[in-house]
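For reference, the structures are reproduced in the following blocks.
Two complexes come next, and they have one chain in common, chain A, joined by chain B in the first and chain C in the second.
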Partner chain A sequence: MRSFAFWSLVVALLTYMTLPTIVVLMTSVNPTEILAFPPQGVSFDWYAKAVTYPDFQVAFRNGLIVTACASTLALIVGSAFAWLIHHYEFRGRGLLEGVLWSPLIIPHFTLGFGFLLLGGAFRLQQGYVMIVLAHMVLVMPFVTRAVHVSLGNIDPALARAAANLGASPFQVLTRITLPLVVPGMAGGWLIAAVLSLTEFTASLYVTGSRTQTLPVAMYNYIREYADPTVSAVSALLIIATTLIMLVADRTIGLRRVLAIDTH
Partner chain B sequence: MLARRPFFITFLAPAVLTAVILAAAIFEVLQYSVREFIPGSLNVGGFTLANFAALNKPIYWWVLADTFFISLLTAIFSLLASYPVAYALVRAKKDWVRSALVSLSITPLFTGEIVRTFSWMLTLGTDGFINSMLRKLGVIDMPIQLMYTRFGVVVALVQFSMPVMIILLATAIAHVDRDCEKAAANLGASPSAVFWRITLPLTVPGILSGIVVVFAWTMSAFSTPQLIGGGKILMISNLAYLQGFSVLNLPFAATLSLVALVCALGSLALMKGVTSRIERRLAVN
Partner chain C sequence: MTATPTQEASRPITSQEAGSAVDIVRVRKDFGSAVGVADVSLTIRKGEFVTLLGPSGCGKSTLLGMIAGFVTPTAGKIVVDGADITDLEPYRRDIGMVFQSYALFPHMNVHDNIAFGLKMRKLPAAQIEAEVRRAISMMKLDGFENRRVRQLSGGQQQRVALARAIVIRPKVLLLDEPLSALDKNLRAQMQVELSELHRKTGLTTIFVTHDQGEALSLSDRIVVMNKGSVQQVAAPVELYRRPANGFVASFIGEINALPPGRCEVKDGTASLVLPGIGPLAFPATPAAGFAPGRQVRAFLRPEHVRPASAGEAGPNIVTGTVEAHIYQGSHTITRVVVEGIGLIETRVTGADIVASAPVGTPLALAFDLGEAVLLDAGE
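Then we have the complex of A and B:
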């Protein structure tokens, strides 16, 4: 009885967590412009409108460019930095770590505003350079963390053995360490890409009308119109991110990358 | 030196460059916050502390207090709603239940704030899901106002913060030594006594870090109060955006952004102090 009450509570809470997603999926297939629950049929008209709407097309392309550049840069710099703090102690390391972890704490609108002002100072406002830099800084902690966790799981004897057998530091790095951290790097990169693709607040500050990313275009649409086109875009984003995360979980173990241990 | 520390400079340089760019962006906010506002111009004047003095008005104190209040409510309700889910996630006997719970509770984290906020708008709106359902069930005749209310904003913010809260709580619950619980049960404690007197106290560090992380997170929430609050509920982020993009008072927007940053850093510093003190006390007992 007690356990029945407990599980009912858990199910109720999970319903609360997933209700908005279900609602958005329902409205995206509803044929009418006015919201109706339950949907009065199934139609993919809003999807057709969403994928042919020029603003969303351009914004999606912009977002892909920004995400590809930002998450890849974050992967390179973040992995190198994770390797560095795993191996070396040096002066100023605490300060450097503090600055590079800080985007986890700094409000995105403060950071976005900072990059907007910085862009203004260099006449780069609303340009891709600043958008990519802002996104890169925001997602890098996730890559660094994923790679750092992977490095910690490597048996240090492997690198020592290779070095004793005559491998140069470069060979140890590329033939021993790198293959072993590839899963961590891939996981970190995927999380970084998803976070960058869906980032909104900082993007609202650093993008312009020509360079806006998909979430910003959605925000602008919501403020002007009230039809379910954005439901269709949301549904597509929900499906895409869920699939990416499922793939990430299957291939590299998302729980390990996020460092959630349940045992 | 170089031989003993291979790749040191090569790997350090890009990290330092990134840190410098990030620091420069934050420095720009700091710099603008002490500049004079020239009405009608995006250029700024000389150095002044007037922006900080301007903060001392009832309306800004009110927004700051509201931001604190909403963040605190969110943190508390997020804790209450997340604990049962985290407990089930760690203690479920079947493997597939655990995996399903992890997926269900973590995936909302990755859909992005605009999708989640928009979904809540459809759920809470006058013609939204909740009102339609209640009307169909005959509970209400007139739609109830959920959008543009503090209640609606908190309902959405709690849902946003639950994945993070669940991760932190699940980690804490997973680290509880089951032997302590078994010992208490063997000594005659009822299951609820075991939970309230053993399990819950042992997860206090996780609870505290969860509360503070969610509190700090919510303090910097933007899109939820912006769209669900719709101008009726203003948090500090919305005020900063309004000053920057509608009033075009960049210096004051910078000042408000800086205040938000200080609040976020302050609450985390507070957490470090409180959790380390509690952990010490737990270690002593």
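Then we have the complex of A and C:
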């Protein structure tokens, strides 16, 4: 009886969490031009339209450029901050950490709006530079955290052992510390990339019609057409992201480096 | 006259001795207002195996850290092979170290771990290979070269850590509680291997432990530390037989502390007069430090207290009540409460005493006072 109640609860929770996604995925195979649920048949025509529609193609390319730049910059800056926070006690360290975490608390629309206003002031509005800067701020907490956790997982005796064996501080960094945080950096970069690729709220403010990213393009599309193409794009995005995450978990032990799995 | 270890150990320690490998000269380390290590001076000879022994927080690890260069002394200097290294960075010291956690590099295999120090020294590749091969065979790690260190057992990791430290031919080898992570059987085996390694390499070795058993079995000399200060420096046998103070006496092995008393000679018999108990007789040769009129505390090992045989009487026999038997296989420790003295432990071979002197019954004990350690009563 107890186990029946337990499993009911689990199933209810899983359903609640996945139902919206499942609905979208199911509408993507609807053969007619309406977003009907439940679908009235199975067709993959909308997938063909999704990958050939010019706006989506451009937006996907824009998204990749923004994601690659923003995640990589966030990785460099975030790793440096993580290293600083990990290694040094200094005045204002708490404040620095707070600022690094702030994008988790501050609404994305506020950040997007802020960057839009700043962009106006610096004549950068709706260009790639502005979008990359905005995304970089949004994903920074995740990269910093991933690298910080990786640094914390390194036995401090390793650096001393290396020094004892004759490694200078620079050699300790390049031969011991860096190789051991690379998985964490890669994991942080991936999380950042996925977040950046699918970010919508802030992107809505900082992108223009030529620079719109995929989620913004999807939003603009659905304002005009209510056909299942957007569902198909969603499905493709989910599949691609899942595949990347699975591969990452296999190769770098994503769960371990992100401290989701402590084994 | 040849120097026996005991005499060697009791030699006065002077700084800057010729042939010394390590000179620690009035080294001090303060942590804020707390003293970590208080003005320690110590000279370690070339090839010697010296153990820093003491409870946790006694300063032994801090002292080791200062020799390795990870801890900066507040005052004093450290000289290795005649060169003052007090202000030298750790990576320029040529001192090998085995860490408590082994600190093997997890992203390298066994071979690369061992080769690391040689690569840092920029030796030619062929020489690195030869040296690594030698260290691998010395530590019996043949066939494990390409293993990841995570795949190794505790004992194997320990041997990699040792190989990695000795392959650089360090001036001194530091061992920071290297056996504490191993289970009991492996610990005994590694003790033997450590001893063998020291004999083969002749490396000056400084070993840190809180385990008196390891210290006694491995060391040429033991430095007993407590609260940042050196309590006694002596060879194991000397330390066990002649502890310099109450701390050393009770830290090394088990020992019974008798209440303060006075040394006296009456009718040609040397005795220890305990208030409320009366005189306990010394044998013909009294314990070292016996001087008529001296106020002392006598310390007596459990093996020097034996149950008196039936009808045995004499001036060194006291009677108490059996409180407990602690059976330990080859022998039994029996705890006896003696009025006026307190708790006395006696160590008897076998388990017969458990039946012959049940808990709660009286038991007469004979004190072998000739083996007692006499310390000033103020201790």
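Odds and ends about this structure:
We adopt the following convention: the second predicted complex is superposed on the first by the 240 of 263 C-alpha atoms of A that agree within 3 Å, B and C clash if a C-alpha of one lies under 4 Å from a C-alpha of the other, contacts with A are read in each partner's own complex, and residues count from 1 in each chain.
In this text, contacts are C-beta pairs under 8 Å (C-beta built on N, C-alpha and C of every residue); 3 or more make two chains touch, one makes a residue touch a chain.
These numbers were taken from a predicted model, which means no experiment stands behind them.
Once the complexes are laid over each other on chain A, chain B and chain C both fit without any clash. Judged by the touch definition given at the top, the superposed model places A:Phe170 against chain B, while chain C stays out of reach. In the overlay built on the shared chain, the residue A:Ala157 is in contact with chain C alone; chain B does not reach it. Across the overlaid complexes, the C-alpha centre of chain A sees chain B and chain C at an angle of 90°, to the nearest 10.
Of the two partner chains placed by superposition, only chain B is touched by A:Thr242; chain C is not.
After overlaying the two complexes on the shared chain, residue contacts for A:Pro179 are found with chain C alone; chain B is out of touch. In the superposition on chain A, contact of A:Arg61 is made with neither chain B nor chain C. Looking at the shared chain after the overlay, A:Leu13 reaches chain B, while chain C stays out of its contact range.
Of the two partner chains placed by the overlay, only chain B lies in contact with A:Tyr88; chain C stays clear of it.
Between chain B and chain C, B contacts the larger number of chain A residues. Between chain B and chain C, the shortest distance over C-alpha atoms in the superposed arrangement works out to 11 Å.
Common to the chain B and chain C interfaces on chain A are residues 169.
Residue ranges of chain B in contact with chain A, taken from their complex: 5-8, 10-12, 14-16, 18-19, 21-29, 31-32, 81-82, 84-85, 88-90, 98, 101-108, 110-116, 118-123, 125, 127-129, 132-133, 136, 156, 159, 162, 167, 170-171, 174, 191-192, 216, 219-220, 222-223, 227, 237, 240-241, 244, 250, 253-254, 257-258, 260-261, 264-265, 268. Chain A meets chain C in the complex at residues 155, 157-158, 160-169, 171, 175-176, 179-180. Interface residues of chain C, counted against chain A in their complex, comprise 68-70, 89-97, 99-101, 103-107, 116-117, 120-121, 164-165, 168. Chain A meets chain B in the complex at residues 2, 6-7, 9-10, 13-14, 16-21, 23-24, 26-27, 34-37, 76-77, 80-81, 83-84, 88, 90, 96, 99-100, 102-103, 105-111, 113-115, 117-118, 121, 133-134, 136-137, 140, 169-170, 173, 191, 194-195, 197-201, 204-205, 215, 218-219, 222, 230-231, 234, 237-238, 241-242, 244-246, 249, 254-255, 258-263.
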